[in-house]
Amino acid sequence: MTVTYSSKVANATFFGFHRLLLKWKGSIYKLLYREFIVFATLYTAISVLYRFFLTGSQKRFFEKLSIYCDKYAEQIPVTFVLGFYVTLVVNRWWNQFVNLPWPDRLMFLISSCVQGRDEYGRLIRRTLMRYVNLTSLLIFRSVSTAVYKRFPTMDHVVGAGFMTRHERKIFDDLKSPHLKYWVPFVWFGNLASKARNEGRIRDSVDLQTLMNEMNKFRSWCSLLFGYDWVGIPLVYTQVVTLAVYTFFFACLIGRQFLDTDQGYQGHDLDLYVPIFTLLQFFFYAGWLKVAEQLINPFGEDDDDFETNWCIDRNLQVSLLAVDEMHMNLPRMERDIYWN
Amino acid sequence: MTVTYSSKVANATFFGFHRLLLKWKGSIYKLLYREFIVFATLYTAISVLYRFFLTGSQKRFFEKLSIYCDKYAEQIPVTFVLGFYVTLVVNRWWNQFVNLPWPDRLMFLISSCVQGRDEYGRLIRRTLMRYVNLTSLLIFRSVSTAVYKRFPTMDHVVGAGFMTRHERKIFDDLKSPHLKYWVPFVWFGNLASKARNEGRIRDSVDLQTLMNEMNKFRSWCSLLFGYDWVGIPLVYTQVVTLAVYTFFFACLIGRQFLDTDQGYQGHDLDLYVPIFTLLQFFFYAGWLKVAEQLINPFGEDDDDFETNWCIDRNLQVSLLAVDEMHMNLPRMERDIYWN
Amino acid sequence: MTVTYSSKVANATFFGFHRLLLKWKGSIYKLLYREFIVFATLYTAISVLYRFFLTGSQKRFFEKLSIYCDKYAEQIPVTFVLGFYVTLVVNRWWNQFVNLPWPDRLMFLISSCVQGRDEYGRLIRRTLMRYVNLTSLLIFRSVSTAVYKRFPTMDHVVGAGFMTRHERKIFDDLKSPHLKYWVPFVWFGNLASKARNEGRIRDSVDLQTLMNEMNKFRSWCSLLFGYDWVGIPLVYTQVVTLAVYTFFFACLIGRQFLDTDQGYQGHDLDLYVPIFTLLQFFFYAGWLKVAEQLINPFGEDDDDFETNWCIDRNLQVSLLAVDEMHMNLPRMERDIYWN
Amino acid sequence: MTVTYSSKVANATFFGFHRLLLKWKGSIYKLLYREFIVFATLYTAISVLYRFFLTGSQKRFFEKLSIYCDKYAEQIPVTFVLGFYVTLVVNRWWNQFVNLPWPDRLMFLISSCVQGRDEYGRLIRRTLMRYVNLTSLLIFRSVSTAVYKRFPTMDHVVGAGFMTRHERKIFDDLKSPHLKYWVPFVWFGNLASKARNEGRIRDSVDLQTLMNEMNKFRSWCSLLFGYDWVGIPLVYTQVVTLAVYTFFFACLIGRQFLDTDQGYQGHDLDLYVPIFTLLQFFFYAGWLKVAEQLINPFGEDDDDFETNWCIDRNLQVSLLAVDEMHMNLPRMERDIYWN
Amino acid sequence: MTVTYSSKVANATFFGFHRLLLKWKGSIYKLLYREFIVFATLYTAISVLYRFFLTGSQKRFFEKLSIYCDKYAEQIPVTFVLGFYVTLVVNRWWNQFVNLPWPDRLMFLISSCVQGRDEYGRLIRRTLMRYVNLTSLLIFRSVSTAVYKRFPTMDHVVGAGFMTRHERKIFDDLKSPHLKYWVPFVWFGNLASKARNEGRIRDSVDLQTLMNEMNKFRSWCSLLFGYDWVGIPLVYTQVVTLAVYTFFFACLIGRQFLDTDQGYQGHDLDLYVPIFTLLQFFFYAGWLKVAEQLINPFGEDDDDFETNWCIDRNLQVSLLAVDEMHMNLPRMERDIYWN
């Protein structure tokens, strides 16, 4: 479920964001505590090894190694690489959100343009709306693991009422080696055209507005599919991951507190707990986690889109709008500002 | 209320921006003075502790700690993280502004396309316009704390004349577990379709232009809702806040003036007041405040959007345009450049 | 007046941009010479003070202070802050330019869709066009200081022929506490609708194309208004200004040439004129000036948009196109490539 | 074939991205192992030369050279240059993906707007659809090496059924020194207009919707062509390549382990294997490879778009939709939520 | 002519980009060799002066000056400034490319919507098309030096067949102090309206589709004009140029090899040829050249748009499409996948 905190930050107040630091759900702590434990354990192990088990000359070698690692850790440009990469990921994530297919625009049009309160009229409107919902379901099954779990086979799709048995038969009979999520749209177009011939849709202007809207819906669907199909190139993700992991690997050795008696520059204090390195861990690893969470927003993370909820809401609302509410207008009366 | 200063910077003049530094309302000083006092107090407390209460060896330890902190404070890439983050926040904020739903486009169309100066015509136009305003009000109630305070219940919405009692009843009777802000749009579509059947709207071209415009309005509404619902991932905000807070925590200790007699490099001057660190505080904390102010522009900050004003303006103006001004044209006469 | 130099850089040539360095109008020198004089004078004053008036121990203190300032000057991330901020300002500025309302699209449509070469037809076309120009004038009066100076009252608007006396009376009679720049558009819509009823506009397709185009024009107008109303948050501008001013303040002291005999690191040369600091001044202050110039492009800077010229051009050209040129076609003849 | 890994990163898990580090196909290792071997070999060769073959004074000279190279290697801003450049390349790559011409929108319209289940109707629909596919094929032949290999001559295009012999003759007879990929669109427009005259397309609204959609398709095609024709300026690519190569050239000498007995600063450890330099190689060269892979996404890289697959899919699916499926609707029946 | 190299980088191969380093046309070498010679000559002159002509104390002074210059050269943030600036220039350049006015969309519509294969019908279609080409020519004359050279006067425009003598007379008779490139569009609109009245264009739907497309074409034209008229503010370009030139000026002195006997830090090696400084020159100056080449893409650089070629192509192709090809359809026959 998406973690919404905007009401908490409506006003800029005294240390306004500090309250956000104390949340658990969807927080950096929840996402990172396991990695943090691993990192801290490794750091401690190396520290113990250095302090208690190494001989004098081994210590001297380790100290040189530590300084060498620290020097290179500073040269790794983790900030920029993460900055550019996370910007890319966040943009893709938001574009996926604004391209989620909502049937609302279509349902307004179908409700107002497809005439007839008799059963046949209702049937046309409900069927058109069902085709729209069916397509988005087929797309969501491809891109979202949560939806796929809920509808593992076409039987489940039929069972949930998105498709009739007869439609499924025709769907299966279509011979094509390619994905068939576009099929309900062809039905939609043909059914709308038929309704136009039968006078249920008044004229071509109404029909083409519907078709146009349907094509917009299709574009959202195929864009979602595209985002899933063609991700950020693997190499880019690997480069960023490699940079961050290398940095932390270098930190494990390079940020050890060395024997203050040896007089190495910048090593005249032994705090035992490398507080700033641990904060840096939260900081950089947290930034990478942002990318990890958003790179596929159709999983089951705390911050992922609730696709199953969308599917239910869309079917329920759209059938309500085109059937029960069709031409079911409140009585018009003068508003309180009349004259 | 939005703080407008563009007229003050119309021309680039001698030290043009310096005048902006002296404003109070919506300024960095007003936003930050409390945090600044806290920071300065803590800094002073530590300074006093170091100078007067620590023993000699404690002082030596503190000095090492201070140098250690200073070294890491410089390594924290606050600038970049804030740069990338604030850019993201500012873009979202501006997109929310340009997607504020204004009914002007719809009111021009309704005024010119829905015929009839008789009461029934007036009723249709006013009712259509009211549905539009009602939807934007329902959305604003969800996203804006200021609007929610003004209209805490649907009774207030009815009381303010956005909805009639009868409409409210139908609205409440609709059984749906989901938000119902789309309901007035279904009414709008059906009422427009009815007006078309009754000849109040001439033909499908006029009708579809209206429907199209209404769908644009709906998209603005749902985009606003989306920005509120799916914010910047919490982890990202936490990462940035953590980086800035860590930096200032490190500065509190690391930027103390140390005993000049100890001969630490870069510590041969004691100014008592760490002027540049305080400026850096204004600078970085101010940048974070930019994000804090803009991350939810529907609160009650000095710089937030005046949604309550919008709601009043839209209702007043749109009813005026579709009713009193309908077909109320000035006499046409030759302009002064005629021939 | 906009400074156009694109023809000077049409080809990439030997040291191609150096010619631009020698321009005066709209140049960095013209914008900055006053600030530069102030900066140079202060620098010189401090330098003279240090060299001739301070006692030995005061000199030693000043030298420490200078080194301290220099150290912090280097830590202020002026480049990034300016980079992110100027990018934001430049984007806003360009968006304002591409959203300047030009009536050309409307005038083509009115000229070809509103029929009749008789006086009544001319009157309709000219009046429609005048309403369009009137709206953009009302908007420009709000956002541009130059236009406001030229049209300080509505009398000037009437006097310049954008409005008739009768229209002004109706305009003033509308009771609304809000801005009324949308009023001419309601007239436009109603007049177009009337022309449609009278057969001057053939059918709803022509009418709606006009209305659609008019709504586009309105969107440009309201976007311009929005850019003026909701500027870059004051805090952001203050943060950037503060960073740049702090930097130069630190430079004034930190970049002094210190006594070479004292052997401070990096201070073994006394050039008297801090050539690179002065260049840095041009460089950073110039970058800030870019922002200052563009943050409100409707002032009277060398590089601001020539709104008064736009208003004249638009009225003159659009009346010409819808009146004198209406159906005034050149004789069609075979072109030279015929067969 | 595009490398899809989004399902692997659906959820943010414990060290979520580490699994991606172990993939081979489309990975950084597969792309870089040859360059890595060259780099490592050169490094080793220089190392061996320095350790075993140089005389004492030659060693001293080499050591100075190494320190000199190392100093400048750090000054080369590879990170930023790559950051800005890769951002540009990735944006172009994604824009090319979203502008791939898919005929789906057109096939829905043709299927629902072009009437007649008789042979003549089928012929019109199939021919229209074929023209659309033909154009995208002509464009893909220009931009994609893979498609060009498959269709080296127009004979192959005719052979694959995208064009009839007669069409090819007319196509070849058109005298024009310019590319002729627009020709099928003129046929499309004229054929649609003919169908309108013969009543196969009901009215101008249907016709213009088709034409409009066809023009969208054309825009995608010409945009793809534009991306191929006008690439990122060669100079930019050369600048970036030069920066990266210079950096690695400097590293070859500057990152050698020098004789620890000479006491050079930062050279008191000899690890033989320059682990961080090798990681940096993967890191920077990998980032450049991202650009190399994406700069022309129509090649035969692991991550390139599968244009040949697209061509087959589009022809097969679109003919199916406009012919077999035309007005072939499933029986309408009540859905399970009826009442 | 645009330098196309995309086919050379279709696949990511072993050291894929190195081949690009060896191109001459449009390359960094061709653009920079003159500046490089100047820079190298100056460097050598200073080096010779220092080594052979200065006295001992002058040498000492020069050495201090060199170290001073080197220190400040490192502080100049050339990379970032260039990064932000070049990003801006590249975006503008690409937007200009995608907004080049192509008449293809209009020619499809005119060919299919303007009826009649008789001479009058041909005349209308050719004249409409000619007006479109005429407008783009008038715009190109304003923005492109290459086109202006080819058509220095309106006589050349008439001579090349874009305008008839009679049209020119009417064009010249229009009294307006402003640019008149919009005139042919008024003619276009009026001629289309006339054709509609005479039944050559079937109905308002066809007419308005044409008008709409024509307005899109006009927007491209005026956007091109806008890019030429309102360039990147001069100050910004000056700031960037100043930064780069200052950097190289500082390098000329600061990167000299100093007497190794003096024991200055980092100056214990004399290579005579400052290989990395020269590479940096190519690198930074090349990046600036990218901007210089792209800031006005309508010149005669290797990488500029071939506007003259566009003008010829557009006229030739568009007349072909609306005249010879009008309703000249290939015989329809069954394709090879029929059943």
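Chains: A, B, C, D and E, in written order; residue numbering restarts at 1 for each.
The rule is simple: a residue touches a chain if its C-beta (ideal position, glycine included) is under 8 Å from a C-beta of that chain, and two chains touch if they have at least 3 such contacts.
All values derive from a computational prediction rather than experimental measurement.
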{"item": "Euclidean distance of C-alpha centroids - chain A vs chain C, Å", "value": "39"}
{"item": "Chain B-chain C separation of Cα centroids, rounded to whole Å", "value": "24"}
{"item": "Chain A, residues touching no fewer than two other chains", "value": "31, 80, 83, 87, 203, 205, 289, 293"}
{"item": "Arrangement of touching chains [line / ring / star / complete / other]", "value": "ring"}
{"item": "Ring path (origin chain D; first step to chain E)", "value": "D, E, C, B, A"}
{"item": "Contacting residues of chain C [partner chain E, same complex]", "value": "2-7, 9-12, 14-18, 20-21, 23, 26-28, 31, 74, 79-80, 83, 86-87, 90, 97-98, 102, 104-105, 107-109, 111-113, 202-203, 205-206, 209, 213, 266, 268-269, 271, 276, 279-280, 282-283, 286-287, 289-290, 293-294, 303, 305, 313, 316-317, 320-321, 324-338"}
{"item": "Residue ranges of chain E touching chain C (in the complex, touch as defined)", "value": "31, 34-35, 38, 61, 64-65, 67-69, 71-72, 75-77, 80-81, 83-84, 87-88, 123-124, 126-127, 130, 143, 145, 161, 164, 166-167, 170, 174, 176-178, 182-183, 185-194, 203-205, 207-208, 211-212, 214-215, 218-219, 222-223, 226, 228-239, 241-243, 245-246, 250, 288-289, 292-293, 295-296, 298-301, 304, 315, 319"}
